[in-house]
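Paired with chain B in one complex and with chain C in the other, chain A is shared by the two complexes that follow.
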Partner chain A sequence: MSDDSKFSTLSRRGFLKASMAAAAAGAAPTFFINNANAYVNAPTGGTVTLGFNVPQTGAYADEGADELRAYKLAVKHLNGEGDGGMMNTMKPLSLKGNGVLGKKVAYVTGDTQTKSDAARASAKRMIEKDGALMITGGSSSGVAIAVQGLCQDAGVIFMAGLTHSNDTTGKDRRKHGFRHFFNTEMSGAALAPILEKEFGKDRTAYHLTADYTWGWSQEGSIKKYTEALGWQTKAAVRTPLGAGDFSQYITPVLNSGADVLVLNHYGKDMVNSLTQAVQFGLRDKQVNGKDFQIVVPLFSRLMAQGAGENIKGIYGSTNWNWSLTDEGSKAFVKSFGAEYGFPPSQAAHTCYVQTLLYANACEMAGTFNPCGVIEALEGFKFEGMGNGPTEYRAEDHQCFKDVLVVRGNQNPTSQFDLLEVVNVTPRSAVEYAPDMLGGQLGSCNA
Partner chain B sequence: MDEILLQILNGLDKGGAYALIALGLTLTFGTLGVVNFAHGALFMLGAFCAVSVQQVLTISKRVKDESITFFDAYKETPYLELWWGDTGAMIIDYAVPISIFVAIPIMLLIGVAIERGLIKHFYKRTHAEQILVTFGLAIVLQEIVKSLFGANPIPTPAPDIVSGSAAIGSMLGLSDALVYPWWRMIYLMFAAVVIFGVFAFLRFTTFGMVVRAGMADRETVGLLGINVQKRFTIVFGLATVVAGLAGVMYTPILPPDYHIGMDFLVLSFVVVVVGGMGSLEGAVLAGFLLGILQSFASMNEVKSILPGIDQIIIYLVAVVVLLVRPRGLLGREGVMED
Partner chain C sequence: MKELLKSNLVIMVIFAVIVLTAPAWLTPIGAGYPDILQKFAIFGLFAIGFNILFGLTGYLSFGHAAFLGVGSYTAVWSFKLLTMNVLPAIIFSTLMAGVFALVIGFISLRRSGIYFSILTLAFAQMSYSLAYSVLTPITNGETGLQLTLADPRVVDGMMGIPVTDSLPTTNLFGLAMSGYSGFYFCAVLLIVGFYVSLKIFRSPYGMKLRAIKSNQTRMKYTGFNTRPYLLSAFVISGMFAGLAGALMAATDPLAGAERMQWTASGEVVLMTILGGMGTLIGPLLGVGIIKYFENIFSALNESALHEVFSFLPGWLEEVMVWISHHFVGEGWHLTLGTLFMLVVIFLPGGVMEGITRLSAYLKSKFKGSDEITSEKVSEDAS
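Now for the complex of A and B:
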């Protein structure tokens, strides 16, 4: 009797323990559980799913829309459809045009809304519910850093889209995160010699800066390089992301004594702030005996399109421009143009390249296992992708390549011919030590 | 001195927008007793009247762009330019001013339809229910605009002739550095004219006198045999037109998207509360006052002492005003109080 009773009691406890364990397992996010598969979302059927997480609303929605177009084109090319685009020019190439590792590429999309919390929720949904094996997207560095951290914890690869802050592959670098796009350090190094040549060493700058990681990073880099030239910085004023009306921040510039306005804004913020700066007559002013100048350190054709006439003659830097005449750029522009009727932006370019690089790394590694993919990407040297010889530096997962300095085209030959490349700054001039920006990659989490 | 003048101008033009929206909001609240959370959406609809007019005027013929050889690209040339050359281009250039005349009847119609179709059923409901239904209406209007025009802001520029700045410093014999965009000054003058027009309408017409009487004591006016309700429908239409015109004229300052109304709505409610619930003069005064304060709070000298003050100044002022004068700046005892 007592034995029975004891047995019965133990059994109940055992049942309760098992129930609690099952409930805890059910409540935990699925990506924290290492199941029978060797890694999260290992593909089991005939397809492999990628997650495209881009801003479809908010200050960077234009870039997001173009990124999504590029991702869709990349999927077509990976699956052997269309003209193949840069798969015809990329070297070395392991892709065969039959999907990735024999599996057809499928995709899911999410709207980051240019907000970190929305982007993380969207990425989490794609990983947990849709089985995405890799997450990619931009266009805000704040968002990229947040999603990169999530992907590291989840054990999936993050191929960053448009993100320009030093922090993405600096202090916030992660083993699972890779960035093809350049950063503010490189922009500063590339722009400074051109600014010196065009505007001289005796200048006083006034910065208007988007108040988040990318804005701070760009302001820091441009100040560092322009002050090294001998420029003075009059003020650096932070503006909220998506402020819309910048007039209250522009009016103090008029009588500040500054003769250069540096707009550390991107997307619609830059279109609005530049348009309003021109409306306030800044470009017609003379200060300290010199013509007033405006500099937009990070430029894109989409922004130039939004700003119209105001962009003419303004200097900035860019990761890529559709007017480049190398074989890779020509192949991509032809393919993208045929699909959509207009050339791709730099955001579209970096996203397209990132998708192909990820797929190629899977083929090289012979597996979708993130640890194998990371190993294949680290130190990978390639060309034929529009930026000349490029390397994914193993120490910080940052791509190193030439940087373009551009100017708003004074005499465009077509509606898309908005940026003129004035200098191709070689990789050697923008390269820095891997530990300069701080941060640790950590280890593979799969 | 120049900087102070610039910030005052800046504040006045911001304040003009706040005052116009708050004026319509107060009219609705003061006459119908309805807390209209859809008022910001009406501002947005006005802005999209301008966008629609611009899109209609620029309906284009697609012509192959021969300068692009990599792929087939097309240039779009508006039919108005093809048909009438420079005259057509000038008509397109004046899309925003033309929109004013289009927006007035459209917004009046929308206002009357909303009042008759929805708002009138909620007169006797609680304010909480009114807020819920008007907020719901705002979301529906936003989503309709989003589905028709997309999520991105649409540039709607001012006519070329007023796209630059006026050298007001030179004009007034002050510093040459004192310049201000023409369109912002036009917006300020436009706001002043509309505000003056609404006040004159309410003060110098019999219709206005009845409305003002109704705002003060609806029951007594009803007992005199006057159909206040019918007049209030027209007042709602008038408030809608004012919000719509504020939206039309704001498009060259800020390219509108479907969310633009919400950005202004919260600020406008603060303006109404600071001005005094139901006080039209209070709404206008508070609109300009808060616009100027916000502008001065953005000055570097102020921000260096109080970082981030530009983001909270409006709410800070609201808190202080409500603590010192709970009825707002020009709110009177017994008005809008049970």
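Now for the complex of A and C:
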């Protein structure tokens, strides 16, 4: 009797659960009701559309403009126009210079405004209206993470552009998101030995940090590695993104007793904060009997250009620099220079490489189906793209490669020759366990 | 015809048909995809609510985005803590925004005119800064509040909805809130919101609000206490904003502090003025124009322009593309600014004034002695 009633309750509950599950399952894949194909935005005509979603306004607009140039160049090369750039040096290469899988590459562009809302609206437009199969771009980790989540839900691939926060392939990693750019963990690991060599073990650092996911991530990584050296952290002050004037944050540094200022800023923010720090005389100061130093953990040539004289002798790390002399870098700098008349930035480089990698993965998989493309990209090893041998780690979709430690050039030979590479930190020194940063990839959604 | 348009039922039927068929008639101009349709409906609600305050009482609130943001945050928290069903989220958000509006309105409405505007602006900027800094544990700062796999979702758990390794999506009893179904949900709420607005416009209550706009002092001398009317209008419009914020979160479960920034408050003012303040339909037209510019014009790039002008001879095509590319893409603000200036200078009553003038002109042309009909309401307002 009691068995009987137990059985009946169970089955009723089971029925409820099953019907709930069915309702939820029915709700999930209806993101695109009008799509009868096996996967979202399957190309039907003779073209395949990619979505380039970059900041055209706001604190990261310079990077965004350079990213867009690189994307346009990549599309040209994919379609067999121009000199082919890195398609001549990439190994292994499945691309044939006739578009992707025989389809001509077309693109749509959008402005992220460095705001999550605007970036998602723009990406949705590309997916829903323009039929984009892959979204790429972003010059802010906050935006990249927001768009990556959207792409996962929508069932398209996201090839992250310039995003440096650990979270992008760490706690917010997604099956549909891939990042070629390095992260703050690698920056910290690469910078620490150089900082120790140059500044010693007995230092007190003061952080100014852009108040969003990337800033927090970089502050954490730099703290972790410098404190392991024996440095102390005096304070870590958060500043709003796009603040413009940093004088109220820099004044307290003067009398804090710190002898190193770490600027966790990027783009125009870094240009402004560094310029003001130098104007306030920080670099001429002596604290604790040592010369006051400034460190900018994430450096780019575009920022160096903006900051002018002030960057001389300042240490930082970078994903790539145009002065590298390997075949891939030379080919890319040459075709970018021929097209636009100046060398590309690291933002341009990573975006160009990401576009080629995506196209190559489609060609390898023989399909645009995101599940096939993801499989082709996971664990993909390649070289000739400017960073030496590189691997897309399958566990977290993060590229592992050498990291450059750079210093503002003391004697630049041209207006672009602003960073000198002081050390190439090998991949083995910056690699970490895939589960160190947490997060789950989830599963392919197509 | 004239008599017909006076009937609420007829107006509502026409409005509902226009809104629900929007995907069909907006497709030819490239705005028939779900995301922009949702934005039209959501900001439509926001502007309708704003117009109840600004259009009827003339009190210009420069901080309405705060209620939008409060609505969004409340909705996302409801998704995180309770259930992915949008119904509780919408109810909580609207109420929460109402409470905020009551507090802010109670203080701000002690002043009128520019002082009122500044007070509301101050409150909104204060909310924005708080969301950005001190309240980061609640708002997740600049990154924005997002769903995670680890969220409790208590109600969903009790209902036995299975936990998968991908993020759950928002729904209304299984109906997805993204794509076209999301739009129809927003559209139905827009129609309901419009009906509420219509009723207010055509009620004695609406008349009192208009009287406050025309001469508050005289109104007070006749023995009316205007404060409760103002405060209730403020709260109603704040609740509309909260509802709009909840819908933004429902169609895209993410809430960021930038929704509260003064630019967002300014946007709804622009929408209302551009379309025609104090009219029923005007704010919706303003929403349509601004959102269309933001989403479609900003996405035009040179290759798209080349396609548009490809019918012209080669050299002329180049010239036209060169001229027009300054006004699209990242230059869409320039086009919008120019349009706004033209409207304010030549049509102070917004696009609705243009339509009224046009129809009057056409009537005199074709010797139709009919009075202006549907714009009657707008005439009353001004």
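Structural remarks
Definition applied: the second predicted complex is superposed on the first by the 411 of 446 C-alpha atoms of A that agree within 3 Å, B and C clash if a C-alpha of one lies under 4 Å from a C-alpha of the other, contacts with A are read in each partner's own complex, and residues count from 1 in each chain.
In the analysis below, a contact is a pair of C-beta atoms (placed from the backbone, for glycine too) under 8 Å apart; a residue touches a chain by one contact, two chains touch by 3 or more.
Being a predicted model, the structure only gives us computed values, none of them experimental.
In the overlay built on the shared chain, the residue A:364 is in contact with neither chain B nor chain C. Legend: residue contacts after superposition of the two complexes on their common chain; A:415 is shown touching chain B, with no touch to chain C.
By the touch criterion stated above, A:56 is placed in contact with chain B and with chain C alike. When the two complexes are overlaid on their common chain A, residue A:333 makes contact with chain B while staying clear of chain C.
Judged by the touch definition given at the top, the superposed model places A:110 against chain C, while chain B stays out of reach.
By the touch criterion stated above, A:78 is placed in contact with neither chain B nor chain C. Judged by the touch definition given at the top, the superposed model places A:268 against chain B, while chain C stays out of reach. Common to the chain B and chain C contact sets on chain A are residues 56-57, 240.
For chain B in complex with chain A, the residues that touch the partner chain are 2-3, 6-7, 10, 13-14, 65, 67-68, 70-75, 151-153, 155, 163-165, 167, 175, 177-181, 183-184, 253-255, 263, 294-295, 298-300, 303, 310-311. Considering their complex, residues 56-57, 61-62, 65, 235, 237, 240, 244-245, 247-249, 251-252, 254-256, 268, 271-272, 276, 279-281, 284-285, 306, 308, 330, 333-334, 336-338, 341-343, 413-417 of chain A touch chain B. Residues of chain A touching chain C in their complex: 13, 16-17, 20-21, 23-24, 26-28, 30-34, 56-57, 108-111, 115-117, 120-122, 124-125, 128-129, 142, 145-146, 149-150, 152-153, 211-213, 238, 240-241, 440, 442-443, 445. Listed in rising order, the residues of chain C touching chain A in the complex are 30, 32-36, 39, 132-133, 141-144, 146, 149, 159-162, 165-169, 171, 173-176, 178-181, 252, 254, 256, 258-259, 295, 298-299, 301, 329-330.
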